[in-house]
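Before anything else, here's the structure in question.
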C-alpha cells in the first residue's frame, strides 16, 4: 500500500513530521524555561496526521485547527521562525503576537487558525468549503479536531450541514483517546469514532494515525472525491498523545502501564524504516533532520531577537477600516 | 421616493446587493421558497436561484460557522437567525469567532458577514421568542450593530452592513415589518455611526432605538401640546455609536431619556446614559431617565406583555420626570 | 402484535388520541377567531405518538415537549380546561397565562413544559432522568422532538450524554417529514432518523407513528429497559403533520399530491377499527368521543369565562423567594 | 479563622454543601480525578465518590441541560463551565431555559442550580479564554450572579448560591485561586445583595468587582498618601445588587468610580453608573468614571494584555480624574 505513495511525497511527509517533532520538542523546553507565555498543547506523537493529511492539499485548500495547532500549520507550509515568534508573543510573529499558540494562523497558506474553542473549527470549515463549491473551483477544506470535540453540538451541526450541502469538507478526527484528562470510554460509548459519520450518511473511515502512509492514502481518496463533487468525508486517525494535555499537565490520570508504552509507536521512526526499506539512504534522511534542526535553531534565535509588539498594537486590527466609497 | 414596507425595503436591499456582487449569498432556516418566518426573503429564490438563496437545517451554530468561514475566504454571506433569541444556540460563532478572528490573527483576515436578526416582542410570542439582545453584542469588541427604525434606514443600513468588511448584526424589528415609509428611488447607503436627528427640540433629548423611535414621536407630539419640546435621536447603529450627536443634543437640552425595548437593567441604555452623563455632566439639569422593559421574562398573555414592555406612555412619563425634576 | 396490548390500555390510548384531536381542532378554530394569541402549532395527525408513548408512563415519570406540545400534556393527563385557559392567556391557565401554547407545563403531572427552542428539551430531559437514576428509583424521562430538532447541536450533546451516563432517558423523535417548510431530505441525508442512534451506541428503532399500538410497544420495551438500568433509547415515530407548521402557514411548499393524501392515514380511525375488531362496541367508542366533546365544551366555556391575569402578575415568579434561614 | 486560598475556600464550600445535602452533586468537564482545569474540585471525588462528582463529555449545552432538568426535579446541581468564554456554546440553557422556566410556568418550578464559571484574563490565555461576561447575564431576568473577590466571600457566596432555590452563576476569578485570606472556622453564609464596604473613605467611592477590589485597595493606599480618602465597595453580587449601599456612599463622597475587568463598553459599570447617576444626581461633584478593559479582544502577548486590562493604575488615575474635576 505505502508503495503507492510517490517517493517525493513520502520524503516530504517525513520532513514534515520531523519539523513538527523538533518544533514541539523545542517549544516544550522553551515553555519550561518561561520563554512562552499562556498555554501550550504539543502535538508530539500525532505528527503523522497533519503530515499525511496535508500532503494531499494545495496551497489554496483550506484547513482549520485546534488548541493543538502547531503541527497543522507546519504541515501546511508554516515557517518555524514566524511561528516561534508568535508563540513568544513577539511583534514579528505570524499574528503580531496577538494570537499565540492557541490562535496561530496564516490565511495566505490556507490555514484559518488554531482555535481554542473545541468543535468550533468544524463549523467554520464548511464556510471555506462552501466558498470553493460556490466559486466552482475544486478546492477542499479540512477541519482537524480531537475525539473529545466530536461530543460538541457544533461538530454535529457541522457534519450534517456539510452532508446536506454536499460540501467538499473533510473532517479529520485526531483520536488520541483523551479529551484533556478524560479517557474516551468516559466521554463516548462507540467503538470507533468514525461510526458517527453514519448519522449523516457521510463516508467515514478509521485509520492508523501513527502510519503516515495510511493517513495519506485515506485522505487522498476523500480529497479526490470531494474535489470532484462527491461531498464530505470523515476520517478518524487513531493516534497517541505523548505528552500531557498541555505542558502543565502531570497526567496522574493515565495508568502507569500506559505511560510506559506511550512511545512504543513512533510514526517518525516507523516511516524512516519504511523509507530506508524503499531504498532511501540514511544520509538523505539525516540531512532532512539536520535541515530541520538548523531551521529550528534559526527560528529560536529569530524569536529571541524579535521585539515585543508595540503597545499601540493592542488597539489595532479590531475592525477592518471601512473605505469611504461603498 | 416610493412608499414601501420595512419588509419590502429589506428585501430590496438584499436584492440590490445580490445583483451588485456575485459574492453575496443568503443562508438561513426556511429562507428560500418559504421566504423566511417573516417573509422577508420571499421571491428572492425565484430571482437568484438556489445557489445563492440557501435553506439550512435547524443548526444555528453551523449557519454562523458557514458564514464565518465563507466570509473569511472570499464570499459575502448574509445569514438570518430566525429569532434573536436563537443566538443562545450560537453565541460562540459570533463572539468568539467572527468578532475576534481578525484581531487574533493580527489583521490577517476580513470577515464581511452580515447577520439579520428579527428582534422584539409585542406579539404574544412569549419569553423565548421576544427578546432584544443587542446589549450582549455591544459588549463584545469586533462586531458592528445596526438597529433600523424605519423602512428607509432598514434598506440603507442593511446595504451598508453587507458592504462593510466586518461582521455586522442588523436587528430587524418584527413589529415594523408591515410599517410603511418613504424609501428613496436612487441607490443609497445609510452610513454607520451617524445618528439621525428624527425631530428637533429644545427641552429634552430622547435617544430611542428601533421601534421606540415611533413611540417617542408619539409621546413628543403629545408633549408638544403640553409645551415640552422634545428632540429625538435615533443612533441607528450601536457599534459604532454616534455619541457626539447625543452629547451635542444633551448639552443643548440639558435633559436625557434613553429608550429601548430590551430589559432596562443591563441594557444599552445604561451604556448610553453613562457616556452621556460623563460627557455632558455640567449640562444636565436632571438625572438621566431610562425606559426599557421591566426586568422580567416576556409573558405570553397580551395584557401582561403590555404591562412589561415600554411604549409611548413610558417615554411620555420619563420626559415629564426629567422636566419636573427639582422644580 | 397489537393484541398484546391490554384492552384497557388500548381504550385509554384511544381516548387520549380523541381528546388531543378534539382539543387541537377546537384551538385551531378558536385561533382563527382571534381567541388565542401568539403562535399555535397543532398536533393533528400526530396523536398516536404522544398517546402511545405516554401510555407507558407513570405519573412520576417526566416528559418534556416542544413548540407542538398540547398533545404531550394531554397524554400525560393534562386537563383541557386549564390548558384552554392557558392558551387564551387567562389567569386560570396552567401557567397563569404567562406561558401560553409554546410553554405550557405541569410539573405535577411530570410534564416539564412545552419548549419553543428546538432541541432544548433533549438536554433538559437528561437532568430529569438523572434525578431518577441518582435517587435510585426506576423512573424514566422522555423527550419529544421533531425530525428537524435532530439537526441541533443540543440534540447531539444530549444523546451522547445520556449514553455515557447510562441515563433512563428516552428520546422520541416525531418524524413528520418537515422542519417548518423544509422537507426532511433537504435538512438531513439519512434514510431513517433512527440511524443517528448508532453514533452513541444507543438502541434506535423506527416505528409507524400512525399506529398507536406500534408506538406503545416500542416504547414499552425502551421503558422496561430504562427502568431496569439498561440506559437510554431512541424511538423514531414516522408520522404526518396534517396542518401547517403553525396556523398561519399556507403550506405552499407542500406538493399538491401530498396535500391530497395527508389524511389518508388516520391513527384514530385505524385504532377505532382495531378496537372494533377486538370486540369493543361502537357505542363504547362513541361514548369516549362524546365525553371528550363535552370536556372540550366545558374547557372552552371555562377559558372564556376566566379572568385575564392581574397585571401585577407580570412581576411575580421571576425568582423563588429565598427563605431567611439557610 | 484559618488562612486558605480562594481555591481551597471554594472547595470547602463544595465539601460542606455536599456533606450537608445529599441532593447536591457536581458535574463538569474533567472535574473528577483531575480536579478541574483549576484544581478546584480536587480530592472531592475521593471524598464523595463518582455518584456525586461527575465528569462529562465536552458538551456545555448538555451539562447545563442536565443541571436544569435535575434541578427542576429535585436535585441541586453545581455545574462547572471550565472557562466563562464557553458560555458561548450554551447560552440557551442559561438564559432561555434556566432563567425563564419558573416564570413561563407560572411559578410551578424551582431551579436550584449553581454554575461555577472561572473568568478573566491576565494569563496570556488570549481572546477565547480570558473574558468576563457577567454583563450578559445581568441583562437577563431570572438568574442571580455572584462575583467573589476574596477567599472568605468565595466560600460564603458559593454556599449561599447552592442553597438558593434559583439559578445562580458564581464567577470565580482565575487570578485569585492562589490568593490567600482569612476564612471563618464556624459555618457561615455570605448573603446575596449585601455589598461589602471593603474600606471606608470620604472623598470618592470606588465600586470594584472581583479582583479589581485588590487593585482598588492598592490604589487607595497610594492615594491615601496623597491625601485622598477612598471608600471601596464590593457589591459581591450583581443580581441582586445592593445599590442602596452604593448610593449611600456616593451621597457621602460625591464621587464615583466603577471598576471591572470586563470590557468597558456594555459592561455592568454602565448599569451601575446609570443607576448611581440617577439616584445620587444632586450629590455628584464630578462625572462618574468607569474603569474596564479597553474595547478590544484580549491579546496573547503579555505586554499587550497588560495594555488592555485595567489594574490599580487605572483606578488610581480615574480617582484623580474625579478628584480633579472642575477644580
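Letters A, B, C and D mark the chains in the order given here, with residues in each chain numbered from 1 onward.
Please note the rule applied: contacts are C-beta pairs under 8 Å (C-beta built on N, C-alpha and C of every residue); 3 or more make two chains touch, one makes a residue touch a chain.
These numbers come from a predicted model, not from an experiment.
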item: Chain pair with more C-beta contacts, A-B versus B-C; value: A-B
item: Relative to chain A, chain with the most remote C-alpha centre; value: C
item: Whole-Å gap separating chain A and chain D, where each centre is the average of the chain's CA atoms; value: 36
item: Whole-Å gap between the CA centroids of chain A and chain C; value: 45
item: Centre-of-Cα separation between chain B and chain A, whole angstrom; value: 40
item: Touching two or more other chains - residue numbers and ranges from chain B; value: 56-57, 59, 61, 85-86, 88-89, 92-93, 96, 103-104, 126-128, 141-142, 295-297, 299-300
item: Contacts with two or more other chains, residues of chain A listed in rising order; value: 95, 97-99, 103, 115, 117, 151-154, 157, 160, 164, 186-188, 318
item: Touching residues on chain A, where the partner in the complex is chain B; value: 62, 64, 93-99, 103, 105-108, 112-113, 115, 117, 120, 122-132, 134-135, 141, 153-154, 157-158, 160-161, 164-165, 316-320, 322, 326
item: In the complex, chain B residues that touch chain A; value: 25, 51, 54, 56-57, 59-75, 77, 92-93, 96-97, 101-110, 141-142, 144, 159-160, 163-166, 189, 192
item: Parts of chain B lying in touch with chain C, wherever the complex brings them together; value: 29-30, 33-34, 37, 55-59, 61, 85-86, 88-89, 123-129, 294-297, 299-305, 307-308
item: Touch list for chain A against partner chain D, complex; value: 37-39, 89-90, 95, 97-103, 115-119, 148-149, 151-154, 179-182, 186-188, 252-253, 308-309, 311, 313-315, 318
item: Touch list for chain C against partner chain A, complex; value: 151-157, 160, 163-164, 186-191, 195-196, 198-202
